[in-house]
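Both complexes shown next keep subunit A, but they swap its partner, so subunit B is in the first and subunit C is in the second.
Up next, the complex of A and B:
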């Protein structure tokens, strides 16, 4: 597998985690690509417009990339914070529609603002890494950090409050959970992760335009989570990796690949309504691996 | 200490002042007033559709009243919302059970300890010593509550998989975890057999002692309520038609009429 495809898969996994965070507290937000686009524009504008960010050598400086990721994540987070209050009053499919509208508003703004380069977008974005392998290692570290945070959330008061809201928002309020605030935290965290990912992606793709955050992208990122599962973080990660790779791996079959891709998205939820990754399957896998490792010994009982 | 301005007596824990609740053309509550004294078990009875659950929803902040207000230790609770009222000290259960079904029994109670679980974010993320000690204390507290409600053997079961009676008790455990001063129980004995109802009566007595709680309880089973409650209020068509000790309420002609139908 070539490094460029691997990098796209890792970016897909990060975006899938961004969709997963609000879903952990039952909020279906499709705004991820909008925040991803915002983060990408922050990186593109800074690294092409500000000499300190572009650097002078063959590759742009790494601290500049980190600063862009922080700023891109911060701007996306601020937008989410500003609109989250009213938007998160909506529930279910209405929230999904409102977040699609947000993605569209951001897309039209990105097309028409005087400094975002119109339909062509911004290109010639400097490269912090000379090879795709550099991106892969860096993104892998970022993904590991994101996964670790999602895993730690399980043990945290915030993570339990999110799960409670997902199961029953009204009952959650009745045990003293500030439900609007908890939902807002999840929404902002999702936006920050998407913004950070966008800032990194803008460098990797070398150019950035309004197509990064489109309705199509909303549906694709949603498919990551539907396919992989939305209950546990390994689900979206797997969905993001597989569904990003699939169209490329199916390239040899020509136009038939689009039909096959569609069939996977259609059949996945039919046969795996919870997504591929569920607690039961993870326990089964852990038991199998355990048995393989200590042959002859009793496999540890899944909790 | 807690005196009314004119010094006539202690301030009630909760006052419901002329609360009305209108849903479109339906007047679900019509100028209902009550006052709960600290430590009592107060029963709310009445035929189906009398507005009992609506009154619970108003008291617990889920439904804003169309008129009137509630006072907690003399201070209005208007606009606090369900989570704010829980933090004041009001916890409730639901008539049709609202557990966090995908979470385990233990986790359901742990969610109830939300406010006891406050911890600095960085320490929590990195699993600092202070965070782990706090987690240990929380788990101990959870097990105490589960033991009290006789659920300790089911701690790791998914709440959604529990049989009916266990779910009822788990909801009470979760409500108690929020350290309430006032516990609202909405038909806790619904669907229970006589033996289970007896157990429940003893349990409510125990938890009142154990937590020095005030209990407001809705229940259809009148004999149970007569035994359990210090005072009773009767609602019919959204109005409070009687209030007093079980003996007074039992012989009130308006109560008999509401339950048995009026003479033509």
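Up next, the complex of A and C:
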């Protein structure tokens, strides 16, 4: 497997986590690609337009990349904060439609703003890493951080409040959870993660245009979560990794590869309606592995 | 073991597997010519640009047959690996990387200009020659030393169709322009069309924007028809353009239509059927060109496709592989490929490509030092559909 594909898989996993965060709070938001595009534009504009970020033109310094990721995440977060209030009053399918509209508005803006390069977008984005392996290590660190935060969320008051809202919003409000605030936090966190990922992806893809944030991308990222499972964070990560890699790994099949890919997406939810990763399966796996370890540890005590 | 620890261990294992899988750069290895001289192609065989990829694939196959029939690269056959890029940028990036890691000496593709802006920098960074068979947007060879193209850019070709329309109907006054605002090719070509219209004193009465994936153009067409245009100029790709022409005629437009390079393929026939008739498109290729190179290509194409006339995209793809083949033959004679490192061979091949003059189906071509094609003859064709509207031909206008 080559590093460029790995990098795309890791970016897919990050985007899947961004869709997962609002879902963890029971909110079906499809806005991830919109924020991803915003983050990418921030990085693309800064690194092609501002000398301090551009480096030598071909290679750009690593601190500049970090700064772009912070700025891209911040801008995406601010947009989410500004629109989150009214948008999150909507629920279920209506929220999904509103977030699709948001993605579409951002896309048309990106196509028509005077500085975003129109349909051609921005190209010749300088590279912070000479090889794809550099991107892989960096993105892996970012993914590990995101996963760790998601795992921490399970133990935090905020995470439990989010789970409570997912299970029953009315009941959660009755026990004193500030539901609008919690939902807004989840939405903003999702936007920040998508923005940060976009800033990194813009460098990796060399060019950035409005197609990064399209309706198609919304559906693809949603498929990651549906396929992998939306209850626990390893689900979206697995979904993002597998579904990004599959079309490439199926190349030896030739012309049939996209048909097979479609069949996998179709059969996944059919046989695993909760997604591939569920709490039961994880516990089962943990128990099997744990028993093996346990036995190994007890062995010396035997007479 | 708790679920949390299990996840930790899982992530660690994943990391290790991923890192262990990382490939090493084959650039310092010698060129692997054991199974033939390796060349790669990346075409859009799926997605909305697949109509172009199909035409190009035939061109590559014919050129490969021709080269290997004539002794390959000094006795060693040329080996072509073809990969699908889909019609988007990540697909093109992935296919380019895959081909480069395989150790190809040169790449042909990608099909769309938009993909080229994303994938070509990868080849440029890794020092792999690219000969683009169909990128017409401004700025492609400027991506770097290793990027060249055999497809003349739209700024050279597009204005010819407007000139021809004025020759057919000198009284034209009111031009309407359509383009897909989310497509790099469309937006690049429409600026050239609009400039050409202004130079002829035909300020567009309306400019309508569409989207690449649109199916229904009733709104834009109604708005345009209110302005009573007598010439319509389209910069659209084959699928959306074909649908737009169909709806345009159905809504009663009777005047001339000029289309750009995006519709320059017989694969539009099934989309707009009888309504394709009369469409004017400038051509970088003429099947009637009477040179030995073109006659050989024409004969091979007609033998393979039951007497059909080859489209421009096929001729250009054929030319791209021919250019690489010819350059490889010359390079191999001067300094044998066997034993050279991949990086050195790729660089020498690029220099050889740029230095040569080629007798191709497109006529005699050569390159500027940037890699832009220098081609002398261009043509304008008009689509003539058969009475049933199922098939037709591109008739060259004299």
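Here, the second predicted complex is superposed on the first by the 287 of 303 C-alpha atoms of A that agree within 3 Å, B and C clash if a C-alpha of one lies under 4 Å from a C-alpha of the other, contacts with A are read in each partner's own complex, and residues count from 1 in each chain.
Here is the rule we use: contacts are C-beta pairs under 8 Å (C-beta built on N, C-alpha and C of every residue); 3 or more make two chains touch, one makes a residue touch a chain.
Treat the numbers as computed from the prediction; the structure is a model and nothing was measured.
**Q** When the two structures are overlaid on chain A, which partner does A:171 contact: first (subunit B), second (subunit C), both, or neither?
**A** In the superposition, A:171 touches subunit B alone.
**Q** Applying the touch criterion given at the start, work out whether A:89 contacts subunit B, subunit C, both or neither, answering first, second, both or neither.
**A** A:89 sits against neither subunit B nor subunit C.
**Q** Specify the partner with more touching residues on subunit A, choosing between subunit B and subunit C.
**A** C
**Q** Once the shared chain is lined up, is A:123 touching subunit B (first), subunit C (second), both, or neither of them?
**A** Touch partner of A:123: subunit C, not subunit B.
**Q** Check the residue A:163 against both partner chains and state whether it touches subunit B (first), subunit C (second), both, or neither.
**A** First partner only.
**Q** Answer with first, second, both or neither: which of subunit B and subunit C does A:149 touch in the superposed model?
**A** Once the two structures are laid over each other on A, A:149 reaches subunit B alone.
**Q** Would you tell me which residues of subunit A are touching subunit C in their complex?
**A** 1-6, 8, 107, 111-112, 118-121, 123-124, 127, 131-133, 136, 140, 144, 147, 151, 154, 205-207, 209-211, 234, 247-248, 251, 255, 257-258, 279, 282-283, 285-286, 289-290, 293
**Q** For the complex, which residues does subunit B have touching subunit A?
**A** Per the stated touch rule, the residues are 60-62, 81-83, 86-87, 91-92, 94, 98-103, 107, 110-112, 114-115, 117-119, 124-125, 127, 135, 156, 174-175, 177-178.
**Q** In the complex of these two chains, what residues of subunit A are touching subunit B?
**A** Listed in rising order, the residues of subunit A that touch subunit B are 149, 152, 155-157, 160-161, 163-164, 166-168, 170-179, 231, 303.
**Q** Name, in rising order, each residue of subunit C that touches subunit A in their complex.
**A** Per the touch definition, subunit C meets subunit A at residues 1-7, 10-11, 15, 18-19, 21-23, 25, 45-46, 83-84, 86, 88-91, 93-94, 97-98, 101, 113-114, 117-119, 121-122, 125, 137, 143, 180-184, 186-188.
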